[in-house]
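Going in written order, the chains are labelled A, B, C and D, and every chain counts its residues from 1.
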Amino acid sequence: MSDDREREGDDHYELGENRYGKSRIRLVTVRRGPDRHHVRDLTVNVALEGEFEAAHTHGDNAGVIATDTMKNTVYALARDRLTGGPEAFALELARHFIGYDVCGRAFIDIVEHPWNRVATADGQSPDAFVRSGELSRLASVSIDRSGAIAVTAGVDDLTVLKTTRSAFSGFDRDRFTTLAEVDDRLMATKVRATWGYRPDLAASGALDFDAAWQRATESLLHSFAEHFSRSVQESIWIMGREMMDADASIEWVRMVLPNLHHWMVDLSPFGLDNPGEVFVSTTEPHGLIDATVRRREG
Amino acid sequence: MSDDREREGDDHYELGENRYGKSRIRLVTVRRGPDRHHVRDLTVNVALEGEFEAAHTHGDNAGVIATDTMKNTVYALARDRLTGGPEAFALELARHFIGYDVCGRAFIDIVEHPWNRVATADGQSPDAFVRSGELSRLASVSIDRSGAIAVTAGVDDLTVLKTTRSAFSGFDRDRFTTLAEVDDRLMATKVRATWGYRPDLAASGALDFDAAWQRATESLLHSFAEHFSRSVQESIWIMGREMMDADASIEWVRMVLPNLHHWMVDLSPFGLDNPGEVFVSTTEPHGLIDATVRRREG
Amino acid sequence: MSDDREREGDDHYELGENRYGKSRIRLVTVRRGPDRHHVRDLTVNVALEGEFEAAHTHGDNAGVIATDTMKNTVYALARDRLTGGPEAFALELARHFIGYDVCGRAFIDIVEHPWNRVATADGQSPDAFVRSGELSRLASVSIDRSGAIAVTAGVDDLTVLKTTRSAFSGFDRDRFTTLAEVDDRLMATKVRATWGYRPDLAASGALDFDAAWQRATESLLHSFAEHFSRSVQESIWIMGREMMDADASIEWVRMVLPNLHHWMVDLSPFGLDNPGEVFVSTTEPHGLIDATVRRREG
Amino acid sequence: MSDDREREGDDHYELGENRYGKSRIRLVTVRRGPDRHHVRDLTVNVALEGEFEAAHTHGDNAGVIATDTMKNTVYALARDRLTGGPEAFALELARHFIGYDVCGRAFIDIVEHPWNRVATADGQSPDAFVRSGELSRLASVSIDRSGAIAVTAGVDDLTVLKTTRSAFSGFDRDRFTTLAEVDDRLMATKVRATWGYRPDLAASGALDFDAAWQRATESLLHSFAEHFSRSVQESIWIMGREMMDADASIEWVRMVLPNLHHWMVDLSPFGLDNPGEVFVSTTEPHGLIDATVRRREG
């Protein structure tokens, strides 16, 4: 290959969709209050779209913001501006990056890993923490040059199980169908749910992101526990609807739910019955149900 | 919650985008030829879009194809029809599923895990294999009811390294920039590349998927080795262009490349120089560059 | 190779240490009480030592217990005998397997994955559960033909952090030392702790395994929160000692603790101070401290 | 807890077995020869045993070598001394650390990740590399104060499959046995094999570690391909014996082999036969066979 990139024939190709940034920026902050410390633990991804054609087609880096600079920016802004929910910090970051002339759209994705205080003999530790592995909290913001903002929140890796009030029957049967119909099964899934806030509320600072996230997550768990499920599809509909019933600031809810099958073990070869007590837990293969529930317009 | 799902207020919500299917169907086939065996090792994902609203909103499973049935179908069709590239098998599967009346679009994603024959004292074993961890081969097909077909191929988890002919300089500098400019650095990435074939060729059976994949992958690796890179962005442009130069059936190439930074170790505290010889290999954080190169229309 | 395995020269080799079994048996049980359900989620490993020489050296499987049989046994015994702590179930299994004539020693390792009830509007769900990712509970039993029993319990994957009362100074300095001494640092680790119960108590059924495990884990966490650490080594000593102070049935405590370094970010290039507030969380490389504290004999 | 660690009652406890060090030191070296570059990619673990009691029991770090210093040492010594096999580098490191007065025994474990040159149109690239995922190479050295040395080598993550010449029959049958006997099955495993070299040879520098590793790995693969297996146990015996037949410097071979079951799919519900062609590949649960074959003494 010639060092001269202005090859004959280059006009045959063009740059399509593109974005770039820094991923997996691991950030922990400690706020040292008079009585106790506060810990935050985030993994931040930054991505930008914009006028980056010359970088691709001519190796011209003049307008390129180094991804190392993005990482530095996350740490520097965390010094003073990581004070509210991850959504608020993502907004700060997105607004910073959209300030670059070359930047057409900035995307910030944050995964927050919750920590709890260690319980001690006489209460809660002021400065010792245990990482909750129950779930991760998600926050995403995108901003474009027109000022259009999208703010989503979510939960990930929230593994839940219903031991009853779940059925699956009445489905299509054809020559490849062997699955039996069941009116009482185990339903287990690892929830990834995201939801979108009304952009005007989210951008204005009027929304209490922590309270909204708490309300949405509780609503999700309550409705998971309480509903009768005739399919994972129906469960998404029911849970999403309840989450929006509980919070007018949510415009849509999307869930991507693996169906983590638990197969009842046939104990009859060993002279034993199995009245829904002993199961094999599996992860592979799994059903995967992806659906969005939204407010009806008009 | 009442058992009657026809709640007052349900008309406030509607179902948005949705799809479902079976993921991580692990399939190994052995063809027992007279002289030697042939092994294939695939992970197959099936997903369907279609008229599944009643399943969500009314728990009505009448039109639902159980994901267990999808799994059975993959194994059953593998019996006779997994004879060519994974793209061809994905086409078989997609055409099967689009045959259901309720199905609006079928998506098949296949990851093929290559195995090599074990080298023996006198050649290659007819029936012993070693799994190549160098890369995975990707194939995806979608078909909708109108018959519109998209066939893509790709490679994943292909980790490559250039020890020279890579630079990064001339980039934007602002108050958060500390990265030094370098005219000779290590560039390492784990390639995920996908490319789209001309639908007419791909659907007709005229395309030799194995030969095309081999050509594209070789072209990718050759151009990775031979070009001088002024950024990961430029590398994508150069490699994508070369891949399309080599094969007229490819319409676009997309690469998602992490920049797996290798930091030169400062050995001066130990009285040693480091002329580009000793590095720390890192994975977190990493740059992430995502770009598509395509043929210019018209 | 000849089919006759009685090769000349076989007397040059002999079988050394060996064991075999079934690993990662995934077991979920549901006990359906009148008011509420109870869920258990275990991963069980079985391994046997014994008279298995002929299986290795002559392909003679006459005395081999198939690992599939081990798996079946775990599910079958779970039907009625998984009623107490995982240590008790491991004892049941070990006693079963040592009953085979060929078996010289049976090892059972169990990882229990705790689930919590989903909180609902009016209390706790009777039949919906969320998986706690905070830690795993460990239980191991070995029994040999002489009847000698070892029972250990433990926790794994318990990630904890102290934001103060941790220091590291006064260590050896030589030509390869660059680490600064610090009198206040973050200390984070992912605890893997195991402890051994007095065999007579553990075997007799007199020990309440659940209460003992709870006491040990609380003691570990309390002492983690409350002590001043001059090194991870000292922390293990202090925590182990407290755990044995709290429970006379524990004979020794072993901890394997990675030191998950949190590096303070230098914000001075950006005109900012960093009074112990902003950190990079890392996992690679990590210190790894492995130590056992035990009761002094005599 | 009091700041004075000299608690009453401390004489009830004592320090048992302990070691500490630095794990997952990621090291890449580039040797820039006149014609082409050479890449090495290692993950190094260092661990020390010794007189570290005061560090545990009194927080006295005077004799503690910081794990950060260990990391620095690995990078510094890599500058000039990483020229042969990983065993030779591990020997260099172990000899360095045993030089500390407090050190009673030094352990070095190295995983080497092989890279291949990228194939180019006209040969092999001088400076572009692709990571082979086929296996990892293992090397371990321990040295104690008496000068006793142990050097082991190995392979890990080498996934292999035999499509015939593997059987499993004649095993014990009891009330929990349901497995059918088979005279032709798939046998797949992910090999972790380690072997010990004669210490005198290994320590003297007389052993060509690269040639010995190559010979052992080839011998392992050849015998895997060629033998008829009546069980995984027998396979270990046969392969280990062949490896020692091929190399007099090897004293013992240990293999830890999961039995990665491939279950034949029952296609009869779909009106299809399955003459050993279509399989489900599984990883959980798996058999796990761990055995050592050694030279018979005397």
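As a convention for this text, a contact is a pair of C-beta atoms (placed from the backbone, for glycine too) under 8 Å apart; a residue touches a chain by one contact, two chains touch by 3 or more.
All figures in this text were calculated on a predicted structure; none of them were measured in a lab.
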Steps needed, at fewest, to go from subunit B to subunit D via touching chains: 1
Same-residue or different-residue interface between subunit B and subunit C, half as cut-off: same
Which of A-D and C-D has more C-beta pairs touching across its chains: C-D
Label of the chain whose CA centroid is most distant from the centroid of subunit A: D
Where subunit C and subunit D are represented by their mean Cα positions, the distance between them in whole Å: 22
For subunit A paired with subunit D, centre-to-centre distance based on mean C-alpha positions, whole Å: 37
Where subunit C touches two or more other chains, by residue: 26, 72, 76, 176, 178, 226, 269-270, 282-284
Subunit B to subunit D touching residues, read off their complex: 26-32, 37, 39, 41, 72, 75-76, 78-80, 115, 118-121, 125, 127-135, 157-165, 186, 218, 221-222, 224-226, 262, 265, 267, 269-270, 272, 274-282
Residue ranges of subunit C in contact with subunit D within the complex: 1, 3, 5, 9-26, 45, 47, 52, 55-69, 71-73, 76, 100, 102, 168-172, 174, 176-179, 223, 226-228, 230-234, 236-238, 240-241, 244-245, 252, 254, 258-259, 283-296
Touching residues (chain side subunit D, partner subunit A) in the complex: 175-176, 178, 269-271, 282-284
